[in-house]
Amino acid sequence: MSFAARRTGLATRLGVLLGLGVFLVWSLAPVVWLVLSSFLTQRALIAQPPDLAPASFTLQNFVAVMQSAASLGHGMLNSFIVASFSTALALALGAPAAYALARLSLPRANVISFMILATQMLPGIAIAIPLFIVITRLGLIDNVWTLGLVYLSFNLPIVIWILRGFFLGIPQGLERAAAVDGAGPVRTFRYIILPISIPPLAAAAVFAFIEAWNEFFFALILTRKSAETVPLVVAQFAGQYQTVFGQMMAAALISVAPVILLAIIFKDQIVRGFADGMMKG
Amino acid sequence: MRAFQTYERRRRSAGAAFVAPALAVLALILAYPILDSIWLALQRVTLKAGQVERTWVGAENFHRLFNDETALRAIFNTAYFSIAEVVLVVGIGLGVALLLNNAMGRSGFFRVVLVIPWAIAPVANAVLWKWILNANYGVLNGVLTSLGLIEHNQVWLGTPTMALNVLLLVDVWKSIPFVALLMLAGLQQVPKVLYRAAYMDGAGSFQTFVHITLPSIKTAIAIAVVLQTIWSLRVFDLIFVLTRGGPADATVLLNFLAYRVTFNFLDLGYGAAIANLVFAATFILAIIYIWLLKPRRRVAAS
Amino acid sequence: MPQVELRNISKSFGSVTVCHDVNLIIEDRAFVTLLGPSGCGKTTTLNMLAGLEDPSAGDILMDGQRVNERSPVDRDVAMVFQNYALYPHMTVAENIGFTLRMRHMGRGEIRRRVEEVARSLELGPLLDRLPAQLSGGQQQRVAIGRALVREPRVFLFDEPFSNLDASLRIRMRAEVKELHQRLGVTSIFVTHDQEEAMSISDQIAVMSKGRIEQFGTPEEVYARPATRTVAAFIGNPQIDLASGRVEHGADGLICRVGEAELALPAGTEAVAGQAVEVGVRSEHVQLSDTGAAARVRLVQPVGPATHVTLDWAGGTLTATLPGIARLAAGSATAFAIAPENLLVFDPDSGKRIGGRTDA
């Protein structure tokens, strides 16, 4: 009996280890190859098998990318402006809205919340054509601020949804204590709710920033040269220099490095804020 | 009367002021475009000298949609792509979640592994796979040849069926982490006592999985299925970078078709009609998703 | 002039009514407890007093002025909450001083008053700590300090000790009572613990199912409960009730319970043949050789007294005997109850129709 139990235990354990190993290779191999490729010479990359000798490693790809694609730096700057602007606005508008929907006994708060959640899932194409027409007519095409505003269409719902989930869990006593202490709803929000919500605010901000940084579709139709964001630059670069593999990878790596760092630093907040939030009403 | 406002009334009026700006912005950038998009789909829209001209045509665009061979293929491709992606992503995602829910998988390192493919921009991901899938020098051909799985280099994006399936694989790779995280969140809500009770009752690990784990996370699975379907309908960047819809329109999905018709062929009314089809599908799925969330809320409240 | 008055207060949430026509007059400087089981409407009543919930009907008066429309801060009440509700991101000093900051008081003045309150509650060394770094008792003191610093006209306590362990609860009870004696501020206290209510209050309002069953001093609600519900809720061990029928006895009315006969107190409003319920506090049950027959079922010594559970015609009955009583379980005995100690209730209305009218 105990022998059998131990044997299944061992088999399960080996199975789990094997599974975790496969999962690691599957998830990381492409990423590792992205990083490796960006540091290898073209000669080393096209060799069969690729030449991974120390002599093949170089920083030349990065240097070349920065020179041949001056627009990469420009794109990074635009992406930073668009993502920061959109994130800041989404937090400024979304945090009070989420608080009101979660706590301030608004009529139909749940219906409104679910409608907001549903809009977050819309494909960009559902709103792109009218937006394109209006923005063109207003002469606001190819403008980072316009793009940042359009990004609110997905960032504002995300922020509201993540924060609403957290606000729902705040004990009622805190708000009531604040009311008895003389704080109205605005000061309660300012002095009590916001300071205790810093972790979910950070999660929402990181999430919104990453989504905005990575967005491609709206950037493609609403910008030209001056407001182009980093995904556009990378896509163009990959189209133009598609045989210079090392440089293509270097460009891709540079473009994703900032958000990957953010994601790794804030991984627990992202997991808690979003994955859990999508499971709870 | 004005000077004194009770707690409940003050909160309600403050609440209205708190949501108003956000709702106004959402009305402007979401509600208005959605409504106008439906309106546009009923019109013939032409661009003349930068001016938009609209003529009412009723259901003509939709009539055209269901007689357009490209569109019908796109509908078929989209259905195939979405269903296959959901099955693969949810199946593998559940497996990954089970592994990570195991004592050996709890380390924060694995969450880093999950979060990286998620955080990579879809465009960068597409560019990365463009290189991996390269017919002459790509590492996929190299690895598969040296493992003896293929005899000579494949042109992965060269033939219609292969191209669509390879796109599917790449999107599955990127989508698994988040679905795994969703499932993990579901698994971690299963009370530990249940597992202990099952063990005491002599259930093996397979029986435990079927009788304890699966029933406990079936809502989580349903939610993952619906969300992943919605996300599959949005795939765009990958197609744009890797195939532009080719070869022979084999990788034209509805979302991409709407883009191409609108912004390449400048047929805005017809593009809006296709976009509406995607919107309608998403909308129905979103309602199912919300419906799935509801009973959980009731359980949590009691 | 009464400080706080509730007039015909009702509160409903949708179709559920949690308070029915509550009337209460609380005198200046009194310590009044709202006592009742959970769900009886006591916390809702307190919240309506505080201005945190709006009554569906009725008036709330303070110093004779209607305050229904006023926000909590305009009513000049301070409140101590069930789970302390300390602001987790603020230090003890900031928690206590928050209300003064909300009144735009100067920094120096805030600091002075916070330190004064902290000293009186022995919180001085803890002023820079966060709530998470404090023990339950310390958190409770901070919550009280936050209420004290305001120098409010009314203190409200919402089950403030329910999260503390038994010994700490008894100590905090004494501290709050001393505080009230020292400051003399009108205090309204909510609890479901009848012993806590008895020990701390000048007056108790016993609530049940959204109604005030009785409002009186602890002695009154204990010795002269207005209803069967009050009698059953107050007192430990719980009062024992038995059903019987009124008959004419040798010296006036008696109550017959099976074979047993209990003399009813003088002035009982009942006629022969009427069904009644009788109840008695355990300390008024005397074991004797004559009287109603009973059998000893359980003997529980608690130190200063012994609780003896008896089986008799009316069911079970607890007698509290002084000191350690040596009785064998299963032995036959008998008990007697002085007529004036018997409480007689109408079984339909639950109202008391006989028993003590004095203290």
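All chains are identified by letter, namely A, B and C, in their written order; residue positions are counted from 1 within each chain.
The criterion applied here is as follows: contacts are C-beta pairs under 8 Å (C-beta built on N, C-alpha and C of every residue); 3 or more make two chains touch, one makes a residue touch a chain.
Composition by chain, UniProt nomenclature: A = Trehalose/maltose transport system permease protein; B = Multiple sugar transport system permease protein; C = Multiple sugar transport system ATP-binding protein.
Because the structure is a prediction, the values reported are computed rather than measured.
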So which chain is farthest from chain A, going by the mean of the CA atoms in each chain?
-> C
A-B or A-C - the one linked by more C-beta pairs in contact | A-B
Calculate how many whole Å lie between the centre of chain B and the centre of chain C, each centre taken as the average of the chain's C-alpha atoms.
-> 58
How far is the middle of chain A from the middle of chain C, if each middle is the mean of its Cα atoms, in Å?
-> 56
Just give me the whole-number Å value for how far the CA centre of chain A lies from that of chain B.
-> 15
Give the residues of chain C that touch two or more other chains, as numbers and ranges in rising order.
-> 51-52, 71-72
Can you list the residues of chain B that touch 2 or more other chains?
-> 7-8, 10
By residue number and range, which residues of chain A touch two or more other chains?
-> 176, 179, 184
Residues of chain B touching chain C in the complex | 1, 4-10
Spell out the part of chain B that touches chain A in their complex, as residue ranges.
-> 7-8, 10-12, 14-16, 18-19, 21-23, 25-26, 29-30, 32-34, 36-37, 40, 50, 52, 95-96, 99, 102, 104-105, 108, 110-124, 126-132, 134, 136-137, 139, 142, 146, 173, 176-178, 181-182, 184-186, 189, 204-205, 220, 223, 227, 230, 233-234, 236-237, 240-241, 255, 258-259, 262-263, 268, 271-272, 274-276, 278-279, 282-283, 285-287, 289-290, 293-294, 296-297, 300
Could you pull out which chain A residues touch chain C in their complex?
-> 171, 173-174, 176-184, 187, 191-192, 195-196
In their shared complex, chain B is touched by residues of chain A numbered 8, 12-13, 16-17, 19-20, 23-24, 26-28, 30-31, 33-34, 37, 45-46, 48-50, 93-94, 96-97, 99-101, 103-106, 112, 114, 116-119, 121-133, 136-137, 149-150, 152-153, 156-157, 160, 176, 179, 184-186, 189, 210, 213-214, 216-217, 220-221, 230-232, 234-235, 238-239, 242, 245, 248-249, 251-253, 255-256, 259-260, 262-264, 267-268, 270-271, 274-276, 278-281
Chain C residues within the chain B interface of the complex | 51-54, 68-72, 74
